[in-house]
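A short worksheet on the structure shown next.
Order of writing sets the chain letters: A, B, C and D. Residues in each chain are counted from 1.
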Amino acid sequence: MSDNKIMPDVQSDPDSRQIAIDKVGIKALRHPVRIASRDADEQHTVAEFNMYVYLPQHFKGTHMSRFIEVINKHEKEITLQSFAAMLAEISQRLEADSGHIEMSFPYFVNKSAPVTGLSSLLDYDVTFIGEIHNQVSKIYLKVVIPVTSLCPCSKKISDYGAHNQRSHVTVTALTNQFVWIEDLIDVVEKEASSEVYSLLKRPDEKYVTEQAYNNPKFVEDLVRDIAGALNADERIDHYIVEAENFESIHNHSAYALIEKAKKTLPAAG
Amino acid sequence: MSDNKIMPDVQSDPDSRQIAIDKVGIKALRHPVRIASRDADEQHTVAEFNMYVYLPQHFKGTHMSRFIEVINKHEKEITLQSFAAMLAEISQRLEADSGHIEMSFPYFVNKSAPVTGLSSLLDYDVTFIGEIHNQVSKIYLKVVIPVTSLCPCSKKISDYGAHNQRSHVTVTALTNQFVWIEDLIDVVEKEASSEVYSLLKRPDEKYVTEQAYNNPKFVEDLVRDIAGALNADERIDHYIVEAENFESIHNHSAYALIEKAKKTLPAAG
Amino acid sequence: MSDNKIMPDVQSDPDSRQIAIDKVGIKALRHPVRIASRDADEQHTVAEFNMYVYLPQHFKGTHMSRFIEVINKHEKEITLQSFAAMLAEISQRLEADSGHIEMSFPYFVNKSAPVTGLSSLLDYDVTFIGEIHNQVSKIYLKVVIPVTSLCPCSKKISDYGAHNQRSHVTVTALTNQFVWIEDLIDVVEKEASSEVYSLLKRPDEKYVTEQAYNNPKFVEDLVRDIAGALNADERIDHYIVEAENFESIHNHSAYALIEKAKKTLPAAG
Amino acid sequence: MSDNKIMPDVQSDPDSRQIAIDKVGIKALRHPVRIASRDADEQHTVAEFNMYVYLPQHFKGTHMSRFIEVINKHEKEITLQSFAAMLAEISQRLEADSGHIEMSFPYFVNKSAPVTGLSSLLDYDVTFIGEIHNQVSKIYLKVVIPVTSLCPCSKKISDYGAHNQRSHVTVTALTNQFVWIEDLIDVVEKEASSEVYSLLKRPDEKYVTEQAYNNPKFVEDLVRDIAGALNADERIDHYIVEAENFESIHNHSAYALIEKAKKTLPAAG
């Protein structure tokens, strides 16, 4: 920047407080992105970015505009893999040992209604969370999956009916190889009382109603059954699974969480 | 204010653009309040205020700090009735023909579980909306009531079960005499598939499950049945009733609205 | 639908309550869309839809799935003009005299920094609001434009500095001919203390700082100056302009609103 | 519960999946609370609760209604200290080794304007976060403090003016003795470019404008200066300080975070 020569660069001043900053950067910046998807070529969506780096104690400030320049360079398709390049780039451009990016966006999957087969898009909230430290990066994939949950207790004690509701299941996974967003969605939808859809005709509505009734799950069952499936998936090293049921009989939620670090890191040497 | 003498009062400057402002004031100010309640002496809660006045074309600006002073004066209990005094006060203090106040707060009602009778508090979002024009004021009472809705179609076409979910019913009412918040809540809870509660033991859960199943309602039924009850209530001159079902089989809501101005104003003279 | 023959169609049952429903439909459905833009071919973004129709008193319910089918048909680019086709289609598919659609999405404009000319995208929240009644439709364009506002009073009474902050200006306009989203943005950004940008280098930061200081505006000035520009724009028949300043010296906002119906409808015959 | 005898207790069934649940309970329940305050006897406000316990692998479910019963018992004033009793109670009532409670509420402090001395209430978002494990509990106090930040770079490179904005500083602290909410607020407000107030007259507005201009701080300076003060406070063992500037020249935020565990736990024996 030629402006460095004529204008004071306050951010580059030395700092005497001897306090490093764990994360400094930009938050809540929106930008359009293209995401690789398993079942189609790619999809266009809009992401919100948080981007931070580590700032050593001897620098007064970071150069916020460089984060924007890194996003602007990545006009091409972003995948879980190319996302790693952005991590490397911010730590390099900001001369930082460590970097952190969160990129959150609505993601759409084309689903077929269970009986009529009519297709419609369902929306999921997805976040890529990346951390880089000394050029080694870890990327977490986080997906919020809306499902139906039906209460086993309500079913068992009632002469007919059972309360059910929309639930949000959130899976956050650290993987050792490439995993599609849709792969995590499949795991969760299989374990729910029922999947949800945007478009259902009457035969479909009958199907999902009976399916949920035949398949009651507590919020505890949801996270355990999904944890069982994630335990068996060798591509996943570490996960958190959460379920929040927006209870139809209360004005508050039921909630459960399981976290598991499956692998300990191999000893060096 | 003695500071008027020594500092320029930019807001009181004349304005030559010849454009009046319909509403000007403060937004999103939080303040603790005490609300009169039907079944107890009063309750303490926290309100968010929006307060606006009309500004004629010849004034450059309003005096924002005076809105805060009006709130500060009303440390005492606020009712739908005393709320009218605040309306009069802002139009007087700001020298305005018209004024507008919205005051939104969570409100709690002590409910008894339907079988065990165990009591717990349920929360409702309430807004007082006041308008004053030439010293005549109108006050709307708006209450969001969470309930259970159970789908009649799903029940009818399915061999067992029926999808149900939490719904928000919102009633906004202009009344010709005093109406308690609890009165509007009663109307709505009576017409829902079932009421919701914070605390339910198993016999209660059996009761609300079967109650909802026996009482299926579309979002259309909810607003119509509530409209019927509000039509019959002579204290209410004008209302809007809305229902939003957070569908347990979709990731979007079903929604319905009925508005009715029951009375035309009497001719003068 | 062949399922009509084998399954009861509860929604089509007659209804005896004799209460029509002003709006019934779906709310908060997300779907990807493509929007025509003034300065580029088109852009991809994600919209949230609310879609309602009028339901006469003799029908028990509407057919919610048909709203989804209308959205699914419009995979092509949506403009303010083609949006009118969706309005016509929902009223036809749902056999309703009246229909209402709201479609809200983040929209991006490529802006050049004022001195260095570096380009970056800025995000705006846009809503198309459409109403159709007896085959006559009206479409409102609503845009939220983030700007900088700098307080004239603070500037005048202080020996140096002046408090400033981010403000949201919202323009809702009914037009008699095509108006680009960017046209409304231009009107607002011209009248603010300063525009905001995603990417600013130091010479740009100096420019916007001094520009805002040279151009102080109360929230009242913002809405008046924008109203003046909208009054002069003959393409606009009716508008609401709102400004909310997220005050840097308070924890609440300053707010102002002007509404103007410029034309009265021509008398018939 | 006598209902245990007549109705099946599904939650108490044995579970064969051999997966423990880290957290299970209720989320987003609102309840009025009274909080002890430093400068007045106590204050009434409304809290949102999340309450979870650990569930061993051999139990199918937890008893959600017991969380509500624990809240209902604590109608009396809640302090950081009495909050510990709720933690002990949920782990005991739910027969769990571990428990977790988050209680979030708006909190008000009566502030005097800097010149006129006029008093008004300012609102802060406060959360008590409690964890208990094997009867040992830790309680974190988290406070969000709105302040003004003024940009040092903008001030230095501009001939006049400087961009400033509202910022949210969040301090989360683990203490080894009692610390008032107001104590954390004092630390932060002292280090900001300026405090914010609900009620300011013109002499006050002049004061805070000049005060901010005389006291420019990057988001990095904010967290460092507050970290310095927290480092010197021996009552605090561990803290996280975050600052988010809602930049007046951008539509995104600047953000910084410092975390410090000051003490390592003493070795046993």
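The rule we apply is simple: contacts are C-beta pairs under 8 Å (C-beta built on N, C-alpha and C of every residue); 3 or more make two chains touch, one makes a residue touch a chain.
Note that the coordinates shown come from a computational prediction; the quantities given were computed from them, not determined experimentally.
Compared with chain B, the chain whose C-alpha mean position is the greatest distance off is A.
Centroids built from CA atoms put chain D at 36 Å from chain C. We define each chain's centre as the mean of its Cα atoms; on that basis chain B and chain D are separated by 29 Å. For the pair chain A and chain D, the distance between mean C-alpha positions equals 25 Å.
Shared interface positions of chain A, i.e. residues touching 2 or more other chains, are given as 7, 29-30, 123, 153, 157, 198, 200, 202, 206, 251-252. Viewed as a network of touching protein chains, the structure reduces to a complete graph with every chain in contact with every other.
Those residues of chain D whose C-beta lies close enough to touch chain A in the complex are 7-8, 10-11, 15, 17, 19-30, 50, 52, 55, 60-62, 64, 152-153, 156-157, 218-221, 223-225, 227-228, 231, 244, 251-259.
If you check the complex, the residues on chain D that touch chain C are 122-123, 146, 148, 150-151, 153-154, 157-166, 194, 196-198, 200, 202, 205-206, 208-210, 212-213, 246-252. Those residues of chain A whose C-beta lies close enough to touch chain C in the complex are 1, 3, 7, 9, 29-32, 43-46, 65, 68-69, 72, 106, 108, 116, 119-121, 123, 198-203, 206.
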